[in-house]
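Going by the order they are written in, the chains are A, B, C, D and E; count residues from 1 in each one.
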């Protein structure tokens, strides 16, 4: 490895709000871990959890007490000590129910005590997801003193002030930020983790994010050597860039699943009867969907067919799931069983301006025409789409999901469990899944939990509340000089181990 | 007449247009003596302005000019552009009919005079300003120095015309070409401007070609007259002779068509028909189709402009048979 | 040496034939209209059918303009796009032209408060960022061509209003308009029968420019995802979709780009020609 | 006269400003979706969305919201961006200069390009020179901006490496260098429009009698072209330029996106898509004032160039 | 010498008067800045017509002359109601013209027609001669539909245009022919009074004579009353029975043509006649007829408007506006020189 240097990385959009607890979007989440470290960390493959600020952690036999031990001599980026008091304060802030959108991941914590380097969490009930939750961005440890010293009367005001110039314990610290234009992260000299050369990470002196919204421009800039990395390469350009000798086109495995959500309710918001309420119809559509072709056309061969509602990179993903192989005959016979043997018209909400949505839906139009289903594409802007989604005012919509936490529970509460968001607003409800899920949330045995999840995945597939499409990777183009950069399946960009050859 | 200031011989101007070439000036020849005011009269479209512009070679391609325009022993039509530029404005000044459109609306009157002084007199700065004010004063504009910084639109019509004359006179030209300088003006102002021109002619001993279609102006102002019709000269004569005894049927018709001493509210004697179409000129004399005296002799070859008396030329076959203007009272009574 | 050959001397007829520019423009327009009316007769393939075996193929005999990322025939899409783009050209300008011209004629004729009022509204429209309005309207009504027309119409009338108003104001000073009043003609007759026909020329000429602008706006909105909806083949959106393939499959965006240019040139030629042909002779 | 005119025009902006204020206030609230949903995305639950909207004061009745908005505005406070969580005024202060720089740069490039070519085309009218100039600009005018931008970027930026790809630099010199391609993109478009009118007015002026008079005065061709022809021909172009600069300020979105320039155009689009009410309102008002000022400046310039204008 | 103030003489119209104009005043507002209005500065006005008194007699040709901008056209246009007068009265056949509206106004316009100056802009360039005439005939239902065709032909021959002219557009005619079309259009309504504003000013002399002859002939045949506005004194002298001279919005002298040209009273009329070039070569007088220029109508001199250029001006001229008074010769003149009041210096 080589130490030093500045890595310039092209992002398609800038972060909005660099507070681990109060942020709203992946734009923040995916780079937060470079600024704020967590007690535990996700492993690079995204499947497990490894020590972070805490060098050790253990759960009691009844699973109701969780104990962590902090590394000695931890410091924040300004050189001040990181203490267990900071940990308690940070976790208390993160789990406060009306603080941000993510507090539920820490909902099982009843109380926190800190003494010396030990932090003890008392739980309301056993929680198999806690370790993963503590490795998630919202559980990042912040400097209590600096935060409370920030300008502003309320926590929200202080957060705004602090997030302008945040100090954390991550490998980097924000040194300059011109919103919408660029952001410079400097090496945190107090970072605890060591590199392969035995000296403290990170290797880089700094990382500079340039905001380049246009895909072509991002790629041109990389090719011209003005930047060394570019995220969100259009999948259509992947093969071209793979062939480029100066570019290291990398497809990082992700937890991203792309599907089409269907409204499962008998009538639509408009009062019209909804063919999609018939499970035969939903299955028929799934069988009529040629995933391989879609993967070719939409993802240019980079994708992988979905066989479960969760990605194959998610823990407890059931490898025996078959999904819906392309089978036109079966689709036709299923449709024949319904009231809509002759076909019907169905409308789908797409995000306007999304080339991928368009590619996907135009292809689906063709495929479903084979069973007499006429797909009407309704493009709306993202905000409208979200609003209509939330109001259950849609028949179908495109959707993608990435996990924020290394556990199947998050996607399951959204996709399969009715109570949270009506199963991603499909209106799908299965008493059995709800029961299995509740049980699995307190199940400490991994084997038992896995079997609960297998059953959930099977039940879900049978009901087919969504169209199973494909999983896609994170396409990142890097200069050949860049090494050690990873984007983990959760999406986080990890620059701590990245280096730049001279 | 070797002492002629300007001598024009067989001037032809051809204007190509999408519908065919327009032979707008056809073989025009005349002389201007120093200090003489030559009137050029004729109906609208007869080629007066085109002739005048050709004298300093102002027409640009694709318009072509042929013939000789001899000034100071040199044929201007074959002179180079640089030489012409020195003659134009320097030796031969020019003023136009519409002072409002001939003055650049966005430059002050002073700037437009100084521009000329710089190009032809090499005057700059204060000296140029002084001279410019002097010129405005000469043309009778009150408080000239203050008026230098006015724009043309701030002047009245008469003052604009004076300003234009001042510009043309800036370099004290030997010859002034005036294209209907008073047509747009009221009679009282016209009177003032014409007096000004005559006075300047005296002072600067300048020759003037005065284009007009007002025969009254001709009678009052000119020494000699050239009558144009259909791109040709019809007749030239000293002004008194012309009004006393026109020697071309067209001139006669023109004079007769004017209301004059005859009884009030009696019909006038118009020239029948309208001006000729220069694209389709009739055979022979261009005026023949409208002429009451026309005979077969008129429609053959085009009659040339010939000397018919000392200082008089005419292109009329019937020059000798025409009645005098005095007879017209009896004719119409 | 004269740069242009003099045209053969034609007999002087008062009837004026359209200049070659107008003729070429009209011929091109005719071709475009034919393509718009009978795309099926001209296009070798369906504009929407995928061919997974012929994705991103360069121009060949079978696909003279190549294929796109779905294996659709670019030539066929360009031909079918004619209908959509001519429709855009027409519908983005039709209402502004009619409304703006009539309103301009009316307020130019009436003057006073009516003119002042519309003038204020026009000011408002002009200082209001166009894009905000378009995006807002499209967001409220949903994207798609129809709503784009609504948005453009809300703004586009101002140019026509201004042009026609100015023209009517100067025309109404002309003596023939005054004569109409003295002859006891009704104001409506003077306005509609005398002033409007003489005042509408600049608006008609601008209409041609505006049509190209309309198509371009469609393309820009397509870039932002607010224009024509798939699988509708529309040139601007095709260019936008093809931009990711410019390095590897230039034909996807180049041919629709060419079509845009041809349309632009057509309208421009007609505009220039009309400006000349509609000028009253004197 | 001229001073009172300026004052009056400035006063006239006020009612326009008020109307724009009300219009944009209502318009943003007509947009489907709410800021909270837009900012929080699909994942947020109903309670969180409701809570956020309450925090933003969006649960209050519209007239109350409007009053609060106006109150804040009178204090010079445009509110905080909902998604970026910084004061709108600061955002505008940061980004507007970039857009203005780009706009002025484009106008300068466009004019520098248009004027000589238009004059050339007019002088050589109906020759092949004229035809080529007109044809080239016509093609430029027929192609979408993003296409022209990408082509310039690919050719002059990536292929030839003459100009950087995107960004806008730090120093003034940097700006000139970095913003050359985007300014050229916009400038080409502008030039295409200008060439058309300027060519026509040069042709018209060339046949004006005062040009003939200048020739009769024996002025040199250069003097005639510059002092008499161009100056008069530009008068009609100035108004057009003003109108177009107004449009440019609001229309730089696509250029800013392609060239990764953090200007207000991009901000505006993001704000609309993100239902960031305060940003949309603040920007719209800023645009309205700016465009009004540009129009005023245009009229004043027009009056300077043409002494005949009566400002009233 | 019975000097009767015109105000009194016109209250009871003489039987031969078709039109009696009393105290007609018309102003135009000059542009003014808002600030000036706030400051309460008076609006600047162009004084186009000031207290004009004139009567037009049946069957006569009344010439109206004066320098450019003196209000000739404004008077003509106010008479046909193209402009609304500020004050004063125009009586026509017992009707108050300035108060007419709607159908009554249209009926009035039918009997009082106007012909315009500019042969180029006075015809709609997009309408054929036939359309122009047909429109005038049908709008006013001058003839039943089946006779319109015949009437058009009649009108064309009346003004000396060939029948085939009907289908042509204005640009296919010469200036003189266009003026004939304008005349035909006015005659279509069979008016009693014809107001000709600079009818032949734009035409060449040889063509002028043709149109003048036409006018004379039509007047004879149709018993028209003609208001002939012009600045060509020779033409006015030839055509008019009486002449009115205007200066800066006022009528300064009205007289029989003979009287006017032989014995002009008003100093302005005298100057005007002297300045007009005669056809006698070398007859130019030594001194200019008039020096200085017309004052701005925005800023009309007090008292007598002409006093700033008048060689005879004296104190009273600046103080008091001279009234139009009838002199013994029958000439009406507005000049203190002819007003027998104490303290008057006679010329």
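Throughout what follows, a residue touches a chain if its C-beta (ideal position, glycine included) is under 8 Å from a C-beta of that chain, and two chains touch if they have at least 3 such contacts.
This structure is a prediction, so every number in the text was calculated from the model and none was measured.
Asker: Within the chain touch network, how many edges lie on the shortest path between chain A and chain B?
Answerer: 2
Asker: If every chain is reduced to the average of its C-alpha atoms, which one ends up farthest from chain B?
Answerer: A
Asker: B-E versus A-C: which interface comes out with more C-beta contact pairs?
Answerer: Higher contact count goes to B-E.
Asker: Please work out the Cα centroid separation of chain B and chain D, and write it as a whole number of Å.
Answerer: Between these chains, centre-to-centre, one finds 53 Å.
Asker: Approximately how many whole Å separate the CA-defined centres of chain A and chain C?
Answerer: The mean C-alpha positions of chain A and chain C differ by 46 Å.
Asker: Quick one: chain A and chain D, Cα centre-to-centre, how many Å?
Answerer: Computed from C-alpha means, the inter-chain centre distance equals 39 Å.
Asker: Residues touching two or more other chains, restricted to chain C: which are they?
Answerer: Those would be 139, 223-224, 243, 246-247.
Asker: When you check chain D against every other chain, which residues touch at least two of them?
Answerer: 31-32, 150, 154, 273
Asker: Touching two or more other chains, which residues of chain A qualify?
Answerer: Chain A, residues with two or more chain partners: 216, 380-381, 383-384.
Asker: Considering the complex alone, what residue numbers of chain B touch chain D?
Answerer: It is residues 53, 56, 58, 84-90, 93-94, 96, 98, 101-107, 115-116, 119-120, 151, 153, 164, 167-168, 177 of chain B that touch chain D.
Asker: Touching chain E in the complex: which residues of chain B?
Answerer: 43-44, 156-159, 186-192, 194-195, 213-217, 219-221, 239-240, 243, 253-255, 257-260, 264-265, 267-272, 274-275
Asker: Sort out for me which residues of chain D touch chain C in the complex.
Answerer: Per the touch definition, chain D meets chain C at residues 15-16, 19-20, 23-24, 27-28, 30-32, 124, 126-128, 135, 138-139, 141-147, 150, 154, 246-247, 250-251, 253-254, 265, 268-269, 272-273, 280, 283-284, 287-288, 291-292, 295.
Asker: Quick check on the complex: what are the chain D residues that touch chain A?
Answerer: 31-34, 37-46, 48-49, 51, 55, 80, 83-86, 91, 94-95, 150, 153-154, 157-158, 161, 164-168, 257-260, 262, 266-267, 273-275
Asker: Would you tell me which residues of chain E are touching chain C in their complex?
Answerer: Listed in rising order, the residues of chain E that touch chain C are 77, 80-82, 105-107, 109-110, 113-114, 116-118, 120-127, 135-136, 139-140, 169-172, 182, 185-186, 189.
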